[in-house]
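The two complexes that follow have subunit A in common; it is paired with subunit B in the first and with subunit C in the second.
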Partner chain A sequence: MPMVLLKCDKDIPEREKHIYLKAPDEDTREYLPIANAATIPGTLSERGCAFCGAKLVIGGVLKDTIQMIHGPIGCAYDTWHTKRYPTDNGHFNMKYVWSTDMKESHIVFGGEKRLEQSMNEAFDEMPEVKRMIVYTTCPTALIGDDIKAVAKKVMKDRPDVDVFTVECPGFSGVSQSKGHHVLNIGWVNEKVGTLEPEITSEYTMNFIGDFNIQGDTQLLQTYWDRLGIQVIGHFTGNANYDDLRKMHRAKLNVVNCARSSGYIANELKKQYGIPRLDIDSWGFSYMAEGVRKICAFFGIEERGEQLIAEEEAKWKPKLDWYKERLKGKKMAIWTGGPRLWHWTKSVEDDLGIKVVAMSSKFGHEEDFEKVIARGQEGTYYIDDGNELEFFEIIDLVKPDVIFTGPRVGELVKKLHIPYVNGHGYHNGPYMGFEGFVNLARDTYNAVYNPLAGLAGVDIRVPEQVAPILLREAA
Partner chain B sequence: MTAEALTDKVDDLYGYVQERCLWHFSSRSWDRQENIDGVLAKAGDMLTGREPVLESPNDRLQFAEAKSMVEDFRERFPWLREAGDEEIRQLLDGLKERLVDIAITQSHNRELKHHLY
Partner chain C sequence: MSDCETLVNPSPEVKVSAKARGGVINPMYDCQPAGAQYAGIGVTDCIPLVHGGQGCSMFVRLLFAQHFKENFDIASTSLHEESAVFGGVRRVEEGVMVLAKRYPELRVIPIITTCSTEVIGDDIEGTIRSCQKALKAEFPERELYLAPVHTPSFKGSQVTGYSECVLSMFKTIAKEKTQPNGKLNIFPGWVNPGDVILLKRYMKEMGVDAKIFMDTENFDSPMMPDKAVEVQGQTTVEDIMDSANALATFALARYEGGTTGAWLEKTFEVPNHLMSTPYGIANTDALLRKISEVTGKPIPESLVRERGIALDALADLAHMFFANKKVAIYGHPDLVIGLAEFCLEVELEPVLLLIGDDQGSKYKKDPRIKALQDKVHFDMEVVHNADLWELESRITKGELKVDLIMGHSKGRYIAIYNNIPMVRVGFPTFDRAGLYRKPTMGYQGAMELAENIANTLFAHMEYTKDKEWILNTW
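Take a look at the complex of A and B:
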């Protein structure tokens, strides 16, 4: 089966290169969707911007860092509080938002003084906080504000603070993926190696590409504690700014989200010789495999087996209860990129669910190589899908549940199809053994929620209401 | 072993790697080649009873990847237990050829040869 041109795309035939339907005996040598390419004019993409990729996904997770957004106020609000990444210090990062609130006069006359004033005000207001990331945005990049120079001046005036700058305006890439890249490379080149960690274990690693969504990092940390492994840098879930300056001292980089954070793992290998181990943290069999690989690297296999046995004894019966009830259900996954390949086999193997369509907002071609290798035949693989395509795909594959973000989630709810928040989760964490039971529970609650069916009933039509009343009476 | 039997067995191993592993789909063609060469070399050591060399951090990484894979190979493909050293070499050579083909030589991934990460 070649690439697919959907009916809704008849006027934008270029979209055919971005949608693939896997057929028997085909693989990525024959067909690979084009990805990480500019959105085609005529299609309304649901992508985010490059600035969002740096701030919302990675930098904004840090628990002790002022996130100074040099731009209009909307850039701040729209990348704040929309992702749930708690911290163990009272959720500092989710309580506050900072912006230089650029207005027309600042655009006309330049915003550097405004930025310097804002940085100083923020440090004055929060004297206990000594770390800051400054982000440029579209307008401040266009007028050429030199945020590095301003940061340098503030650090000179305030010797006890450290500031990192991210020059990644929204327009600088085709999607949020560009922001991941800029922050990764900037951080490893400018900040890693500038502080030394206290080593407390002979087994040290960085855990990269996990952002503590609803406590993922904190759950996995209980495993590393039990295994006696010191995590020097969590990039960036529940992390301190300074911890990430010490990443050069880890013996191993373990990577979960290879798309947002693979760059820093590659650079840590190139610059410091730290090997990169990619694992899947979602799913029982994948998590067990990840633990086994990490333990094999350190030569502590017995500890790993003990942890796996304890976790499976505790959580497997619960997982199996959901598997029995979810077997044969059809799922669509419309998220960023890597969750397609992280989840397609794990929900199939651990829950008996068939994934029938997957769409990636910012995945690269590498992500499609991985997901097409793992995914089923008869499944659609879509790059940068738009809403009309989603409607058509839903008609074609008729999913029982869709894992996606709140915006598309609201759309599919209107079609009375349940959705689970595939970005920020419904009730996570979803990683690890316990986490995958949470994912199973949320999937079960979505699939069997009677409201989805009731929402389609017109209460003005007695024929539609009568069966419900009869059922209630029984 | 006939050519057909060899192909069938390589198909099984290849299907496993495609479905379970990530190391052959790393970021650049040189990373992919290094991982394919390294992990399969360590797997060969383990399957033929040789002690894998674990001198460098990368050796340990490839060992960790190979160990997990070899355990699954042995569990899923009972015929592997009967295979002699020469057959294992042929199987892993065949597997390497297939992985290099899909992940490097015939990959359509346009980022594979970018000189920067």
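Take a look at the complex of A and C:
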């Protein structure tokens, strides 16, 4: 019973193993959904590919680095203008993408010369840029182009440039998750330890698994500045390529997104003995807990308490105002993976919201262990949910708001359900104390949205009127 | 001032050449499978099945959602590593059966290949035969059309991919000529719902029975009281079958669907009229006159008046605000050429045209590009296989000064960071609201486009305090 076979899945019964309905008094360890498994073809899964996990999610965030995508044009086109990660240098990372624009002759005769030419052209056209990541894609992996050898040659010819290579074609793994892994491991093995940082504080850390979505990294950086902690490497929000070569000198690795970036933290621990500390950066209670843990590590508890007190004094009244108006509301979260467990309890504790259904695109079983432990009973936990399942689940749980991507947001709009962008945010940042007030505000504005009520009115039926929404000035 | 120089240019020249670089910085087009997916979603009860990595469909769905603010159903065979090694035809078979079972209304599945599955060499035609056997066994009463669409990403672009998929669906569905139906087949190319609605209105006003392929009117779809989700093309299987019986075909876009018009002529003797894409007044005149000639229906007073209203509006703008303004245009080839012709009608000077794929040998032979030579009184450069860096670098290096950029949203940063007014037109235009609803074709489209250009220039005059007082008395 706790594993659920939805009606729309009667012809793909294996989906039962991926959908769990948490019931009281159950040993949840017995009912972990299968995750990170092969996708069923034709299901209209939400998953992306391993290449995008490396380029779009992690590498493409870097603010000073040419992203050279060795493949046909689509892989570059498609992983450009689809993310909201600004930088403090004018968003170089969002403005440009590079492709070797592979053609048939390169497929037949090999594409290494084309890659070398494209790399040199890119450096020639933007002479101030000296760093590059080269990614392989499905066809260049299949024909066996040696991108590492090409990168070596270009670095030899141009002594002032540094190039990192990521060999992770779209077909590897089952989702974007594989790409996170490949990039993490490649970076720590090939690039970390190749530059030395200037140490300016006795408290140093790497902040791992935060991609500066709508300024998350920059907001949290104000906390680290106030605490006197030097962040050696942000992996990879608003980061420079070279900063991430110095990660081996930090005293602590603080991990936010464990799914995309836990691997590098583990390797830094194994190779350099740097301890790993996992925190949640979304949510008041979680952020305070995170700050306390970090400060405890460095023995600067007082500074931490002062920061928390200042932030709470400033933001808690606003948060509580929203909590008063959001409590009891039902939320669904359909995002990548970790945000399920980052958010379910924080929206419950801080905003009184009940998360009634959650679907993960690329989470692993350990993500489901976390989210099921933190999440509520009567809630659906779905691995790799597909479109028909979403319709059925919406009918079952009737959410007031859905945190998901803009495309699915357009779909649920037709069902008169407002969405909040759970990937790129509506109006973030969402991390930290201030950020969670932003999340609360966007949720309020979505839930208390007059249009959804108006949409339900059939004007041919005289007695139908839109429900009156008591919107108040926040 | 450039006006005088323009007047004395003794031998204005149209220079046509390919981009000199091999690699691409900021692509103008997506790859072939993306275009094929766009053609597929234009058909009712059709879900394209993309045979490749998951990113090949996931990001294209996102792209369509960005442009139309709608969700479209597109499936993937979710090619994983073992298929890349041992072949992926089983994934196609499974995907087709899963779609057929879970979507009982489904009637068409274009099976769209990608770079990876073309490199692997999966036999799509053979797989379709085995799928049809399996479908007959499972659903003896049901006809499901499976169209093989070969769109390796390392050839052509989204433009050729669109054309390829349209042709394949017609070849798969339009099998025989029966009774003449007196209708016109109209292939407008890759246009917005606004253009489809305009063409339908024109045909209605002329009393001409016509089918638009693809009929994408519902890509602008409503929120309805009954929560219906209507986001799909309105071209039916019957419409495609019946295309063989048409009076004539009008192919309005040489590179987008034009090949299908030629195929219908060759196979079913439906006369094909390849027209200049009806952007601007003269191109629209030519189209309506030809339709009138072919159908015997007179051009109605209403369209004569609409033409007059458009001219009346254009006359207010052309020689006062547009004359001698230099314009760069990029986007789909039929659009770029048509817009250049439109610009000349309203005294704008399109000095740089960028067309973005490897089909240069076709563009060089395009009679419309050749004809531009006789029309321009200034030097014009046409760059094919172009990327957006061709535009940006000319501007930042000071080689080109333009007063206006016309193109899609992927080039937005060129305008923003170089302080050049930009009018969004083409696909995608995700950074402006509602453009998919507006026509660009026909008299109304020419008028609305010109007014958009004027208002963009006016806003720029105001923001930059550049003779904004002229508008006091306009």
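One rule holds in what follows: the second predicted complex is superposed on the first by the 450 of 474 C-alpha atoms of A that agree within 3 Å, B and C clash if a C-alpha of one lies under 4 Å from a C-alpha of the other, contacts with A are read in each partner's own complex, and residues count from 1 in each chain.
The criterion applied here is as follows: contacts are C-beta pairs under 8 Å (C-beta built on N, C-alpha and C of every residue); 3 or more make two chains touch, one makes a residue touch a chain.
Just so it is clear, the model here is predicted, and its values are computed rather than measured.
Student: Touch test for A:Glu366: subunit B only (first), subunit C only (second), both, or neither?
Tutor: Only subunit B; A:Glu366 stays clear of subunit C.
Student: Thinking of the overlay built on chain A, is A:Glu121 touched by subunit B (first), by subunit C (second), by both, or by neither?
Tutor: In the superposition, A:Glu121 contacts subunit C only.
Student: Which partner does A:Trp80 reach: the first (subunit B), the second (subunit C), both, or neither?
Tutor: Only subunit C; A:Trp80 stays clear of subunit B.
Student: Kindly classify A:Ile274 by the partners it touches after superposition: subunit B alone (first), subunit C alone (second), both, or neither?
Tutor: Touch partner of A:Ile274: subunit B, not subunit C.
Student: Please indicate which partner A:Ala54 is in contact with in the superposed arrangement: first for subunit B, second for subunit C, both, or neither.
Tutor: neither
Student: Quick one: subunit B or subunit C, who's touching more of subunit A?
Tutor: C
Student: If we count contacts the way the header does, which residues on subunit B are in touch with subunit A in the complex?
Tutor: Against subunit A, the touching part of subunit B is residues 18-20, 22-23, 25-28, 31, 57-58, 60-61, 63-65, 67-68, 101-103, 106-111, 117.
Student: Flag every residue of subunit A that touches subunit B in the complex, lowest number first.
Tutor: 27-29, 32, 36, 185, 251-252, 258, 262-263, 266-267, 270, 273-280, 289, 292-294, 296-297, 345, 364-366, 369-370, 373-374
Student: List the residues on subunit C that touch subunit A in their complex, please.
Tutor: Residues 21-27, 29-34, 47, 49, 52-56, 58-63, 65-66, 69-71, 73-81, 83-84, 91-92, 94-99, 101-102, 114-116, 119-120, 152-155, 157, 221, 223-229, 231, 358, 389, 393, 409-410, 413, 417, 430 of subunit C touch subunit A in their complex.
Student: How about subunit A: which of its residues touch subunit C in the complex?
Tutor: Interface residues on the subunit A side: 8, 11-12, 38-52, 68, 71-82, 90, 95-104, 106-107, 114, 117-119, 121-122, 125, 137-139, 142-143, 169-175, 387-388, 405-408, 410-411, 413-416, 451, 455-458, 464.
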